[in-house]
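Here chain A shows up in two complexes: once beside chain B, once beside chain C.
What follows is the complex of A and B.
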């Protein structure tokens, strides 16, 4: 049985229908604005019935399907990004669904002031990501190469010495990466109006050769994007042994959190 | 006629490119948190597990290709 629900993408300042007209949501559906006072909720209608992709059981299953999850996340992002480029927008988490438009308006009323403050925070600003990866433990700056052991080559003692040296080099590389992460974060936070350290991403996910020591998110005025990128370049030149990745600008995902009070 | 306040600078360019891992970090762990009588809302914690395992499976599948 099909049953419709209201999927929320973002709470935003009033936005032209022309902006929303070009966007398609997580179910390929057109997106529209639910208006209340000086706010809009950008929503799409999805099937939350027992047979729909957004029904409670199906959704739990679908979110475990990486292909489905990626498609949904990218579609969600495309809508949020499309809106955030045009007007200040506070993104919602993936798969936030209300029963109907009245339910959406009710929340816009209840949390109006919080949403308003959130939008003021992100007006004219965008999020950037900067990551720092540890240097390779065999890289320059690590002179832990042991002197040739006096014993027989390949002896147990020589092996243990080599292992210990490798472990020491790894520890040194991690300590160095932690130190660089602190500096990079402090420096960039000074260039940003908001800064957060997100949990480091698992090395198996990043596919990086070395661990991540900083997963930073920075809220930067849009007209200062160039200055922020220049600051990252300067840090790269200062810390040539660590890999520093920068990405953005994105909607302010990491800087808008409105909790029910 | 009153003059409109200056518009916030618009971000130029096409849809911002974002790696899936970064997107899921944000869509499952940040953003506006609505609670109350929402029909369905996700507990981020469970999904973080899902994400990690699912992504590792997918990365390994790609490596085997």
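What follows is the complex of A and C.
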């Protein structure tokens, strides 16, 4: 049985229907604005019934399906991003669902001041991500060389020495990356109005050849975007041995919060 | 940096002066943000006591994503007050999210 729920993407300043008209949500649904006072919630209608993709059982199953999760996460992000490029917007977390528009308005009323503050904080600003990856440890190539044939005099000891040297090189690379991360973060924080260090992403997730030593999020005034990017470039030039990745601008996911009143 | 804030008119969207089109973000960055960042309506639990189904959906959402997330080395749920089992799930104590003014670390 189908039963509709109201899926929330973002709290925003009033936004043109023209902007929303070009967006599709997590279920491929059109998105619309539920307005209350000076705020809107950008929402879409999803099926939370027993047979719907957002019904309790289906949702549990779907979220264990990485393909589905990726699709939903990207769709959620696309709506938030589309809105944030047009008006000040504060993203909501994935799968925040209300029963109906009245439930949405109830929340807009209840947390109006908190939402307003969150919006004011991110207005005229965007989030940038900067990551630092450890240098590759170019120690003696243990793996590249075959282990010595058993019984060859002295070669076992030489192999162990190479192994130890490789491990030391990896430790040095990590220590170096940690140091660089501190510097990069401090430098970029000075170019931002907000700065956070998020947990480093796992190497299995990044697919990177070396570990991530900084996963920084920076809230940067739009007018200073150029200065921020120039600062990143300067850091790249300073630390040529570490890979430094920059991405953005994004909606200010990492810089919105609503305190319970 | 506060002067930058005063300069910014309240209605200023972030895309207005950016020529660049939206760039595709990588999956890890998106998941990290849409699952762990963004506004958490802090009183969710309290409100949802009147709205049990929605609360259930949210908890199921987080729990359900654990297996896959763990495989990927993601452990956000450990920090989620709703799942840490310490009482009422009030998100207030989570200073991870009191983000804007304080520059972490």
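The rule is simple: the second predicted complex is superposed on the first by the 242 of 261 C-alpha atoms of A that agree within 3 Å, B and C clash if a C-alpha of one lies under 4 Å from a C-alpha of the other, contacts with A are read in each partner's own complex, and residues count from 1 in each chain.
Definition applied: a residue touches a chain if its C-beta (ideal position, glycine included) is under 8 Å from a C-beta of that chain, and two chains touch if they have at least 3 such contacts.
Not measured: the values here are computed from a predicted model.
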Inset, instruction - Evaluate whether chain B and chain C can sit on chain A together after superposition, giving fit or clash. - result: clash
Inset, instruction - Scan A:247 for contacts with chain B and chain C and give back first, second, both or neither. - result: both
Inset, instruction - Classify the contacts of A:70 with the two partner chains as first (chain B alone), second (chain C alone), both, or neither. - result: both
Inset, instruction - Could you say whether A:96 touches chain B, chain C, both of them, or neither, answering first, second, both or neither? - result: both
Inset, instruction - Based on the superposed arrangement, let me know which partner A:189 touches: chain B (first), chain C (second), both, or neither? - result: second
Inset, instruction - Mind working out whether A:219 is in touch with chain B, chain C, both or neither, as first, second, both or neither? - result: second
Inset, instruction - Could you tell me if A:129 is touching chain B, chain C, both of them or neither one (first, second, both, neither)? - result: both
Legend entry - Partner with the higher number of touched chain A residues, chain C or chain B: C
Legend entry - Those residues of chain A which chain B touches in one complex and chain C touches in the other: 5, 11, 48, 54, 56, 59, 63-64, 66, 69-70, 73-74, 76-78, 81-82, 84-88, 90-99, 103, 107, 111, 115, 118, 123-124, 126, 129, 198-199, 201-202, 204-206, 222-223, 247, 249-251, 253-254, 256-260
Legend entry - Sites on chain A touched by chain C in the complex: 5, 11, 13, 48, 54, 56, 59-61, 63-64, 66, 69-70, 73-74, 76-78, 80-82, 84-99, 103, 107, 110-111, 114-115, 118, 120-126, 129, 185, 189, 192-199, 201-206, 219, 221-225, 247, 249-260
Inset, instruction - Please name which positions on chain B make contact with chain A in the complex. - result: 8-11, 15-42, 44, 47, 50-52, 54-59
Legend entry - Complex contact set, residues of chain C against chain A: 1, 4-5, 7-18, 20, 22-23, 25-43, 47, 51, 53-54, 56-58, 60-61, 63-65, 67-68, 71-76, 90-92, 97-101, 103-105
Inset, instruction - Name, in rising order, each residue of chain A that touches chain B in their complex. - result: 5, 8, 10-11, 48, 54, 56, 59, 63-66, 69-70, 73-74, 76-78, 81-82, 84-88, 90-99, 103, 107, 111, 115, 118, 123-124, 126, 129, 198-199, 201-202, 204-207, 215, 222-223, 247-251, 253-254, 256-260
